[in-house]
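The following pair of complexes shares a single chain, chain A, combined with chain B in the former and chain C in the latter.
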Partner chain A sequence: MKQKKAASKAWPEKWHEINPGCMVFIPGNASTYHTGSWRAQRPEWDNKKCIKCGLCYIFCPEGCISEDAEGFFKANLDYCKGCGICAHECWPGAIKMFEEVE
Partner chain B sequence: MGKRVGMEVAIAASEAVALCNIDVAAVYPITPQSHMAEHLADIIHDGRIDAEFITVESEHSSISACAGASATGARVYTATSSQGLMYMHEILPIVSAMRLPVVMGNANRAVSGPLNIWNDHTDIMPQRDSGWICMFAENGQEVVDMTIQSFKIAEHPDVMLPIVLNIDGFQLTHMIEPLEFPTQKEVNKFLPPRKPFASLHPDNPISMGCFNTPDIYAETMKAKDTALHNSKKTIVKIWKEWGKQFGRTYKPVETYRAKGADTLILTMGSMGETASIAVDELRKKGAAVGLVRLRLWRPFPLDELRAAIKGCKTLIVMDRAISFGGAGGPVGTEIKSLLYHDKGRPRIVDFIMGLGGRDVTVNDFIAMVERAKKKKDETYEYYGVRE
Partner chain C sequence: MSTVQNFEIYVPKLLDKREFFSAGHRACQGCGEVLALRLIMKALGDDVVISNATGCMEIISSAYPQTAWEVPYIHVAFENAGAVGSGVEAALKALRRKGRIADRYVKSVAIAGDGGTVDIGLQALSGAMERGHDMVFFCLDNEAYMNTGIQRSSATPFMAATTTSPAGKAIKGQRTGKKNVPEIMVAHNVPYVATACPSYPIDLVNKVKKAKEVKGPAYVHVFSMCPTGWRSASEQTIKLGRLVVETGIFPLYEVENGKYRMTMEIPKKLRPVEDYLKLQGRFRHLNADDIEKVQALVNKEWRKLMNKVACMKPW
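== the complex of A and B ==
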């Protein structure tokens, strides 16, 4: 069986569509996978308490927190998996987790 | 063809590796593989070949270093034995899943406990399901030839799988045998430089060893299993090429005086030499006994085995390992299962013997043939254990 390098962005459907060794030839393709679908809780920022230290941005394991023009922070909910690490690390208590409701 | 020399087989294994233009070796010494490790380190230290010898603190590290080096596109070799192979166990299926063509020599030795440094196959059998191509050499010349062949097979674009070459500890590693080495020019002709399917490089980022969620893992496993089954075609092709160039032919299943035999002995590894003498003795006395040698264990050469045992009434499987509390030795159990549906299949007698370096002599093989004749059922049996 000749081995091919599948370069399509599509998730392989059938077993023979998988690249040998599950190699991935598209760098940064994790962005096509929306980890936000796992989320049970959502972080919310209270900018009145925020001192703009940037710890939430540094600790977020998804790298989905970004800084806005005024220097405050927010999460991209496509990727925020609701782990709560940002809320745990925010020592001024500016981030609180809320249950996701339908 | 190069000249004929007398050499210890472990040393010869490393001399064969030196002919293969390797880039990296990561080997941790362990009895009875130590001479392989030491000699390869000497060859690289003396500058006889341009390769990196990574001194590691364990076998877990040696196989991990090999995986990393292989992922960059390097040609990689390692060797181990027994406890060392057990310590590699965690990494073995990762190497095959990543489709890295690492070549490993394994000096077969019993596993602890109790501690025993002598030969049997209890080290390789627990690695059976790791997804590696698994072969057995019978003598020193085969060790030399199969080591060189292994790099070509493992790296072939239709294979891309690691290979473990089993070399019976002491019985084979410590023998001094007359050996014929191909010249460097001949090896270069047979074994081209590795052309990796993909390799890690900062200029061209790719991901290897990726995470699998439940909705893709099963598909990945089927792909890996299929790749291993499919590799047989290429293995046979490359063995034929070797035969053409060097005059020594290799087959997944080999036979000796098996034609017209009603009883066949099946062996793996160095035992085949002794068993062939037993076959000669028995044939002299008029018994229709022959020998089948299983060279390839993974992928399992079922069609070739069927052809080799066609017409025989009793197949005696020599197992140098045991699946405790199970159906017998791993080889016997597997052959019984594979032939289960075959009409007119032979009666299969599975002997567990030769454990932990216990000698199996010509007389022992003759005694097992006698015992098999009397045996009524197909349950496994220990041979030579004091009752």
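== the complex of A and C ==
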């Protein structure tokens, strides 16, 4: 089925712009929505304490923590909601939560 | 030869790096259910068709015109995740036979919350399991109807306060215990039944992989922590999942062709349930006598399970 033009917009404005069956043709396009604005606290890594175990990566509900070239981990702050699971589960204590101030 | 390879790599790094459930979904902070779903998708890979009943995971993942899914996905009504999952399996089989799609094995996977499994979807699930369709059913159990505002379901544990079983003078939260759906599935003589918890991620991933490889129906009951509905702190999510297993409230086991096997370390003495209950606002009203009652119920269920595990051993 051909995708309608409306998908280029953020939201269909008229009824005939809606795809039949409300089908979505772009897999994983929820990543255009940045949930990072929900955050009240921000995790920060202390790479001196990090043992590169990857527990923060496996326990992140967002899947926003990734490994960099040196094997250390960092969060993608576009999506991090600041739940604090990574800081709580990091047993070497390498992750600390800091208040988000603007 | 069974030598340990990659000895210096930590276990989390051996998981599939690809994400089939994209970031940007609208789950609450610290949601244990979406963590379970992310790990399930990592274990399943991309050769799947998902049928997902209404519930938290549908609401947060597929807000039109966006979707967090990177695999084929059908949203179905509350009651028929099992029926649609079995239909997808039959359709794939027919289309493969007629040569309309590539001849490659695709698993049909049904996912439902505890309302869609335990209450509303039970008869569709029972039918799908009884007919012996080649599918996996995942129940993501967060112990109430969380997305509509924390109404009680029959998976709500004894004495938990919800908005429709409030704690007060007349009743102290939920009056009955939790319905044991894994046991109901064992009674269907399903080849594979398991319980899992995302606080034990490698165990969860192994069980999902095992369920995917079963030729026939499989059922996995995944305990999912819910900070919003349980009135607990968002960073305590993983800890709560560990405590629920260590206290014996939700034991981890798998049943292969009727044979029980514990997949957790069996403790000599269970942790007191108070450790688990005191972290949650939904159990805040309990006094010492009530905790005693909860402990008695947990001990009874644990003894029942231990007897089943023991009597299955000679086989």
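The criterion applied here is as follows: the second predicted complex is superposed on the first by the 81 of 102 C-alpha atoms of A that agree within 3 Å, B and C clash if a C-alpha of one lies under 4 Å from a C-alpha of the other, contacts with A are read in each partner's own complex, and residues count from 1 in each chain.
Note that a residue touches a chain if its C-beta (ideal position, glycine included) is under 8 Å from a C-beta of that chain, and two chains touch if they have at least 3 such contacts.
Since this is a predicted model, take the numbers as computed values, not measurements.
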After lining up the shared chain so the two structures overlap, which partner does A:Thr35 touch, if you call chain B first and chain C second: first, second, both or neither? second
Between chain B and chain C, point out the one touching more chain A residues. C
Taking the superposition on A as described, I'd like to know which of chain B and chain C A:Pro27 touches: first, second, both or neither. both
Which of chain B and chain C A:Pro12 touches, first, second, both or neither: both
Of the partners chain B and chain C, which touch A:Lys49 in the superposed model: first, second, both, neither? neither
First (chain B), second (chain C), both or neither touched by A:Ile58: second
Overlap of chain C and chain B interfaces on chain A (superposed complexes): 11-12, 18, 22, 24, 27
Taking the touch rule as given, give the residues of chain B at its contact with chain A in the complex, in rising order. 97-100, 157-158, 160, 197-198, 205-210, 212, 216, 218-220, 222-223, 226-227, 230
Residues on chain A engaged by chain B in the complex (per definition of touch): 1-3, 5, 11-12, 14-16, 18, 20-25, 27
Give the list of chain C residues in touch with chain A in this complex. 10, 12-13, 15, 19, 21-27, 29-32, 34-35, 38-39, 61-71, 201, 227, 233-239
In the complex, go through chain A and note every residue touching chain C. 6-7, 10-12, 18-19, 22, 24, 26-35, 38, 52-55, 57-64, 67, 76, 78-79, 81-85, 87-89
